[in-house]
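Heads up: the structure comes next, in structure tokens.
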Amino acid sequence: MLQTAQRSSKRSISKKAPPHERFLEAFRWMLLARTLEEKLVSLYRGGLITGGVYVGRGQEAVSVACGLFLQKGDVFAPLIRDQAGRSAFGEPLVDVARTYLGSRQGPMRGRDGNIHRGRPRDGQFAMISHLGAMISVAVGALMAKRFKGEKNFVGLTCIGEGGMQTGSAHEGLNIAAVEQVPLVVVATNNHYAYSTPNEREFACHDLVDRAKGYGFEGHTIDGTDLANCLDVIGGAVQRARAGRPPQLVVASILRLSGHGEHDDASYVTEEIKREPFARDCLKCTEKTIVDLNLAGTETLREWREDAAAQVDRAISTAQKEAAPEADEEDWRAISMRDLVDQVE
Amino acid sequence: MLQTAQRSSKRSISKKAPPHERFLEAFRWMLLARTLEEKLVSLYRGGLITGGVYVGRGQEAVSVACGLFLQKGDVFAPLIRDQAGRSAFGEPLVDVARTYLGSRQGPMRGRDGNIHRGRPRDGQFAMISHLGAMISVAVGALMAKRFKGEKNFVGLTCIGEGGMQTGSAHEGLNIAAVEQVPLVVVATNNHYAYSTPNEREFACHDLVDRAKGYGFEGHTIDGTDLANCLDVIGGAVQRARAGRPPQLVVASILRLSGHGEHDDASYVTEEIKREPFARDCLKCTEKTIVDLNLAGTETLREWREDAAAQVDRAISTAQKEAAPEADEEDWRAISMRDLVDQVE
Amino acid sequence: MSITYLEAIREAQAKLLRDDDRVFIYGQDVGGSFGGAFKATKGLAKEFPGRVLNTPISEDAMVGTAIGAALEGMRPIVEMQFADFSSTALNQILNNAGTHYWRTNVPVPITVRLPSGGTKGSGPFHSQSMESLYAHYPGLIVMTPATVEDVYTMLIEAVAIDDPVVFCEHKYLYYHLKADKLPTEGLPTGQARIAREGRDLTIVAYSAVLHECLAVAEQFAREGFEIEVVDLRSVKPLDTDTVLASVARTGRLLCVGESFPWGGATAEVIARVTSEGFHLLDAAPQRINARDTPIPYHPNLWAAHRPNAKTIAAKARNLLQE
Amino acid sequence: MSITYLEAIREAQAKLLRDDDRVFIYGQDVGGSFGGAFKATKGLAKEFPGRVLNTPISEDAMVGTAIGAALEGMRPIVEMQFADFSSTALNQILNNAGTHYWRTNVPVPITVRLPSGGTKGSGPFHSQSMESLYAHYPGLIVMTPATVEDVYTMLIEAVAIDDPVVFCEHKYLYYHLKADKLPTEGLPTGQARIAREGRDLTIVAYSAVLHECLAVAEQFAREGFEIEVVDLRSVKPLDTDTVLASVARTGRLLCVGESFPWGGATAEVIARVTSEGFHLLDAAPQRINARDTPIPYHPNLWAAHRPNAKTIAAKARNLLQE
């Protein structure tokens, strides 16, 4: 599976294909994300990545559904656990490798790293760390499209249950509803914000209860169940595109990694690990594929190899590339050369 | 009615008195607030008040209910339309006069003005202008009381429907629920934030729909109906005091003034002025009193005169007092003298 | 015809809306029949339907929305109701708009209008001058126009600039300052202006206090002292060259600004002049800022909190006598 | 025994919790078995049940809550996970805590801990030094400890102070800096320290870059130059007297800070020294700050973005040769 080929053919597949083909396509993106992130983790452990590595392990089913239904002309503002969705929306694998490895040829050119990457010109926004801040940015992009007379577009943005508690998220959600933009917000409750469990994050029964208070339509999903994720997120995207109010999808899942790879997550209780939402969505999906015989073991093996090959290619490309050098850097924070302040 | 006398006897009245006595007491605070604010407006029109005048005209029934059920040891974080509640909670009238007139003997000593006043040591917080910011402050005060082992206390804070859209309000509401403090939040939807009508403020059906999303108990009231305000806000205070979750009360009303007295409110539509929530709560209350013969016209006249006399006394006291002078001001923003930075 | 500073802001926005489809105005109470707390957008919602939009009280989201719209090709103007409330949008301004070009190579052409500075009786939360906060962080242009002409041309320029602009317009000048007509062209952004020529002392100022400085210069002229007054126009970029050239002529420097004293624009000017033009100075450079307390409500205190003709004149006299 | 800068922060907090019932710690991930993103509160939740509390991701409310608790007699310590995220609490810090005493006569004894400054690979949003933002506004004490001893005694002092303190602890020093033991007493708040004596040049610094400056001084000592290094300890109050006295001895001034260049602590120091001690200077004062761009992720860029031994030495050499 060549990523580019996959990408160009994707849209027709995901929209028109029978459910099981879309299911399989989604699985392959999940597999690719998992494979990539495992590789990043091993590079990090080997001291080859500076800073941190943040993975979406266990959240691939939710994430892939976020990317899969978006088309060219849509906007996507992903967050830290969205490798699967980013790839499905069309982010080249090499962007990830270059950003993590600090290649000067990456979209961030070593200026920013890890998950802080994007291609705003292609509708994929580059998150800032401050949680909640990207929701209103997505709203603005959709307003712009409406101003420009574009049609049939939609925006999707992701957030964690922790990020939902920021003032910025609240203002973004509310303004989305006031502006009635075609936005889908996918809030993944992975039961921890870093080490903090739900009971110190919020006190409502279910975060989907927030939807009504904003004038959103609310939905919940089981984040371990790919079919459910595709069904509900796909539906939400369709509803937003069709002019319904903004959509809030709340997914339930357990983060199957540390907050970042520096974190051993020893605070995650054994009890919670036994919850149904703690299952590994990738394994669940694979089991479904095998049980329903949607693909044979040989095919699965091929897919796995293909994913590994793609990842290796991306990583080795980036590894060959030069790092940014301070004396080649122009140290200008603004685009207009004449207006750069000469301050030391 | 001497305010001090009234104040000291108040608590027993409001708690134990039969409903109609509490109703009458509330009416007198409303009348006092209206009388005071009308006086402030006329001083402002006469050029005797610098800056702005912000009144709670039409919101007195909601506001008085906010102050009336609070006791010594409780905390109250009022907002700009809360004259009735402030007085009912025990703010001396002369504080208002001194702050508006810039007397150096007021609690703000000319440093801050108009509704930006308070007596934090007495549990009455001094709002900052930035809307939403006082909710978490009230939460912190209640946490402190719990830390200190105090019992049977409650906090109440007010906000407009506009202020509910700030990130700060969201974080404050959420953290109140997480900390399970005995807080009542009274959100008054007076249908405008300055000139902005509801449809550009939020998109949910009713702001009380937010309660569930925070884990608050939610209630709605007709802000023109004093009995309803007393009933529901009194009940909410009681529930919070009894250890129930935080309480959100959403009142519906029309602001019967400009945003401030500089504003002619010409943007308020004729249509909305015909809505039931546009009635003047003070007139409605008076009508009830007369209809049910809770007090005679003579008594009503006496009360009115008493209110006017109290207001005159407060204003004339403040008017006789000196203004702050720059060369007597010590220009220190911190309390610890040794640590003042010598910067020019 | 006579036009105020405030009207010039309105006219600039009318022109921008008229000439450029990409422009829209976003802020609390800017729309409807109301036209803003100060009427800087009066009538514009009617003249440009759907392009002058009231927002919820959500400063963070207002700026976030503008950023997103700018990334999709629009040129939004965000009006803060008062500069002071931009504190709740500061994260979006500094960390999102301010970093975006550097991080992604895609600039964010937003203009954030801050009705700034003190007026009598406005108190701690409706009087602030925040230019020094914004100028401290990388990635932003910070304009501080002091004249009717500048506020007009610079606002038009601000929207044309591909990078985020924090536009600090001074509320005290809204009604007080008038011009006969609006110019078609102004000085380029980043170029300071010699507002008055002189040879004995350079006063560097910007925004409303410029006029206090000019009045002081006038007063000293009667005594035979010629004070040169430099209007920075924008505090970032800050036109060090023009300031240095002036100090080269006069040998003396006084910086006046209305923001808080610690580390503000005046400290920045002095640091630049002394490190790059130390030998030009014949006397210790001096500065006057607002005092290091919140901005007082009472007019008596307020008048003594900000730089005023008396404090400026006293410092100027000291400098001239040294 | 050997104790790191980070352990000293933990020990100070343990002592505070032990000695003073009014103290509690409030922040993201500070509680439970976790003890904070940097482990500055490791074990404290267990040792002091109910007094080390995890919060939602709500910086504004964290500080607002602390303000309310302080008004009711508590002494809260708020931990920001990274200084950078305090941008979303800035309004509460500047406009609520910072104005409260002045407005109401009731002080607000909160301490806000900001894990500050750059470390390799942390990028634009996990590396900021925000002392200059906070020091610009009235009403706050801004501490910037550079040593293990200071971080310990100053944190204890911060909580004892009746006014709001922004406590800028440097992440780079967390593990890198060690001391043999913790002191029982430190210098008073607001007093700078001569970190190294000299006669040829004064370098004024604070926080992590102090150590780069000391290394440079060491290096120059081998060439026979004696550089005096002043550690400001707190940038507000800023101890102008100690700085002036040093410049009086050396005649030369270099200021080094890690915050962004426009209008930061270094500009403030230069403005004070030149306006109050102009005649003491034999050469133009100089400064080195971080560069005027966001803080880069890549170590190659990061090392060149902040002041470092090379850039400091080069400026020092220029100054010494003038």
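Here the chain labels run A, B, C and D in written order, and each chain numbers its own residues starting at 1.
By our rule, a contact is a pair of C-beta atoms (placed from the backbone, for glycine too) under 8 Å apart; a residue touches a chain by one contact, two chains touch by 3 or more.
Since we're looking at a predicted model, the values are computed, not measured.
Student: Measuring centre to centre, with centres taken as mean CA positions, what chain is farthest from chain C?
Tutor: Following the centroid criterion, the farthest chain would be A.
Student: Distance between chain A and chain D based on Cα centroids, please, to the nearest Å.
Tutor: Chain A and chain D have C-alpha centres separated by 36 Å.
Student: Averaged over CA atoms, how far is the centre of chain A from the centre of chain B? Could you give it in whole Å?
Tutor: 45
Student: How far is the middle of chain C from the middle of chain D, if each middle is the mean of its Cα atoms, in Å?
Tutor: Centres of chain C and chain D (C-alpha means) sit 30 Å apart.
Student: So which stretches of chain D touch two or more other chains?
Tutor: 55-56, 58-61, 84, 87-88, 91, 95, 98-99, 102-103, 124-125, 138-139, 236, 238, 262, 268, 275, 287, 291-294, in rising order.
Student: Residues touching two or more other chains, restricted to chain B: which are they?
Tutor: Each of 108, 111-112, 116, 128-130, 165-168, 171, 174, 178, 200-202, 332-333, 341, 343-344 in chain B touches at least two other chains.
Student: Quick one: label the inter-chain contact graph as line, ring, star, complete or other.
Tutor: Per interface graph, the chains form a complete graph.
Student: What part of chain B is in contact with chain D in the complex they form?
Tutor: For this pair, the touching residues of chain B are 75, 107-109, 111-112, 116, 118-121, 125-126, 128-130, 133-145, 147-148, 167-168, 171-172, 174-175, 178-179, 332-336, 338-344.
Student: Could you pull out which chain D residues touch chain A in their complex?
Tutor: Residue list for chain D touching chain A: 28-29, 31-34, 37, 53-61, 81, 84-85, 87-88, 120-126, 261-262, 287-289, 291-294, 296-301, 303-305.
Student: Give every residue of chain A touching chain D within the complex, in rising order.
Tutor: Touch list, chain A to chain D: 50-52, 102, 108, 110-114, 116, 128-131, 162-163, 165-168, 193-197, 200-202, 266-267, 323-327, 329, 331-333, 341, 343-344.
Student: Mind pulling up the chain A residues that touch chain B in the complex?
Tutor: Touching chain B: residues 132, 165-171, 174, 177-178, 180, 199-205, 207, 209-215, 245 of chain A.
Student: Spell out the residues on chain D that touch chain B in their complex, using ranges where they run on.
Tutor: That would be residues 21, 24, 55-56, 58-74, 76, 88, 91-92, 95-96, 98-107, 138-141, 161-163, 188-190, 236-238, 240, 268, 272, 275 of chain D.
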